[in-house]
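Each chain carries a letter (A, B, C and D) given by its place in the written order, and its residues are counted from 1.
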Amino acid sequence: MVRPGPCQSNLPWNRGLWGLICLDELKSVYWAPVRRVAELAATFALVFVVYLILTAFSGEIGLWSREELIGGAVVSILVALASFRLLWERGGWRLLNPLRWVMFLVYLVGPFLLAMAKANLDVAYRVITGRINPGIVRFNPGLKTDAGRTLLANSITLTPGTLTLDVDDETGDFYVHWINVRQVDPKPEDVCGVFPHWVKVVAE
Amino acid sequence: MNILMYVFLAVGAVFNGLGAVALHRFPDVYTRLHGATKCTTFGSIFSILAVVVYGAARGGSVGTSMVIRAVLALVFLLLTNPTGSHALARAAHRAGIKPFRAVVDRLEEVGK
Amino acid sequence: MIGELSLAVAAAVLLGYVLVCTLRLAIGPTPADRAVALDTINTLVVAIMVLLGAALNLMIIMDVALVYALLSFVGTLYVARYLQEGLR
Amino acid sequence: MTLWAAMLTMALVMVVIASVLAVVLRDLLAAALALGAQGLLLSLAFYLLQAPDVAIAQAGVGAALTTAIFLLAIWKTRRKEEE
């Protein structure tokens, strides 16, 4: 949280005049608790909204009964306390942008559904004829965040002829089981088409 | 509305059956995972979409909560199904099961 | 009425597919094959539960499908972890 | 009505198949997987009898937790059954 910089001490009152100059470090020291509370509140809101959607049409305050509101708040605060550190660790806060949600929906009903339909027809062809040429290939789409890698890995698993086997955490290499190997050293475009560009728009 | 529901049910039944048959037609774990994951996810999506159409046509509080639950089940399936199959494939490879007649095996060359 | 009947018929068809997958669970040569079959059965059963909940017109009964969709994922992860660490 | 009876019969037949598999298989991991399938199909049978609370309990305990606990137990001991 605190970056090593020209200022040696972490305590702001030991710093004297330098505290005014090292604005970055000062900001990170003072803003860390605020940021943590904001993360907790965002997680709580997310969990509580899911609970409210699940228990709609149960009573008279709006759509919900009083017991559901109180119980849902208690359960949501417990779940948020348990999980808010995991959720926002590596660039997860980028997913809070509503524009990304719109792009995600467009991605889901556009190229993704098309590729899934093609994938199923492909599997149908291979089930009937039994013609396969499998292998495990490696490529690097150049994604950095966890959310982007997860999204691309799941997309690859559900699209024509490919199944994600392993993802290297440091370099971001994808190891993919390909049911019909056309090239031994493929580019990302050969394996998964336009998906990396969409994933960069949606999640990075 | 009813026609749409029948079409969705038929598509779902056909692709789920394809996934079940793929379990018996393919020779090894990885290719079976291909067939099972893709086809059953696609088929289940269409089966659940049929329920969404049915609930929307029915309307009222029962129909709306039916739609909500069906959409949540759809989201859970889309999130968990590829992740689970990826975990199974990686575990099978680490347990030392070789891919059937593989042309190339880059993961083996890395030596994990 | 006819809508509910068609939903129930689709669920029965999916139940037949579960029988086919149970066959693979019985004859699968390696444990990984059986795990794949169990994963397929999980997905099919979630779809069956949603279809039957709509066919019965009981919305409270569809919660079982949601609970099962999440818990089966935990079970699959557990089997995968055992497969990759316990086999040597 | 007969459709529901047929589905219930099918689910129960598969419960019997999975139970017999869990007893017969020599590989303990495969037996644990068969036991998981049995709990899952039993939960489906409860679901068909319109008992959602029992079905939730059976799905949670029978299908997910029992498999996990059995796998933990097998992990601590030997996997192949001695002849």
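Assume a residue touches a chain if its C-beta (ideal position, glycine included) is under 8 Å from a C-beta of that chain, and two chains touch if they have at least 3 such contacts.
In this text, all values refer to a predicted model and were calculated from it rather than measured experimentally.
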{"item": "Central chain of the complex, centres being mean CA coordinates", "value": "B"}
{"item": "Chain B-chain C separation of Cα centroids, rounded to whole Å", "value": "10"}
{"item": "Centre-of-Cα separation between chain C and chain A, whole angstrom", "value": "26"}
{"item": "Euclidean distance of C-alpha centroids - chain B vs chain D, Å", "value": "21"}
{"item": "Distance from the mean Cα position of chain D to that of chain A, given in whole angstrom", "value": "34"}
{"item": "Residues of chain B engaged with two or more neighbouring chains", "value": "21, 33, 37, 41, 65, 69, 72, 83, 85, 90"}
{"item": "Sites on chain C at which at least two other chains make contact", "value": "35, 63, 66, 72, 79, 83, 87"}
{"item": "Sites on chain D at which at least two other chains make contact", "value": "none"}
{"item": "Touch-based graph of the chains, sorted into line, ring, star, complete or other", "value": "line"}
{"item": "Every chain pair meeting the contact rule", "value": "A-B, B-C, C-D"}
{"item": "Contact set on chain A toward chain B in their complex", "value": "53-54, 56-57, 116-117, 119-120, 123-124, 126-127, 130, 132-138, 150, 153-154, 157-158, 161, 163-166, 175, 177, 179, 181, 184"}
{"item": "Contacting residues of chain B [partner chain C, same complex]", "value": "2, 5-6, 9, 12-13, 16-17, 19-21, 23-24, 29, 32-33, 36-37, 40-41, 43-44, 47-48, 50-51, 54-55, 57, 62, 65-66, 69-70, 72-73, 76-77, 80-81, 83-85, 87-88, 90-92, 94-97"}
{"item": "Of all residues in chain C, those that touch chain D in their complex", "value": "5, 8-9, 11-12, 15-16, 18-19, 22, 25-26, 28, 31, 34-35, 38, 41-42, 45, 48-49, 52, 56, 58, 60-61, 63-64, 67-68, 71-72, 74-75, 78-79, 82-83, 85-87"}
{"item": "Chain D to chain C touching residues, read off their complex", "value": "3-4, 6-7, 10-11, 14, 17-18, 21, 27, 29-30, 33-34, 36-37, 40-41, 43-44, 47-48, 50, 52, 55-56, 59-60, 63-64, 67-68, 71, 74-75, 79"}
{"item": "Of all residues in chain B, those that touch chain A in their complex", "value": "15, 18, 21-22, 25-27, 30-31, 33-35, 37-39, 41-42, 61, 64-65, 68-69, 72, 78-79, 82-83, 85-86, 89-90, 93, 99-108, 112"}
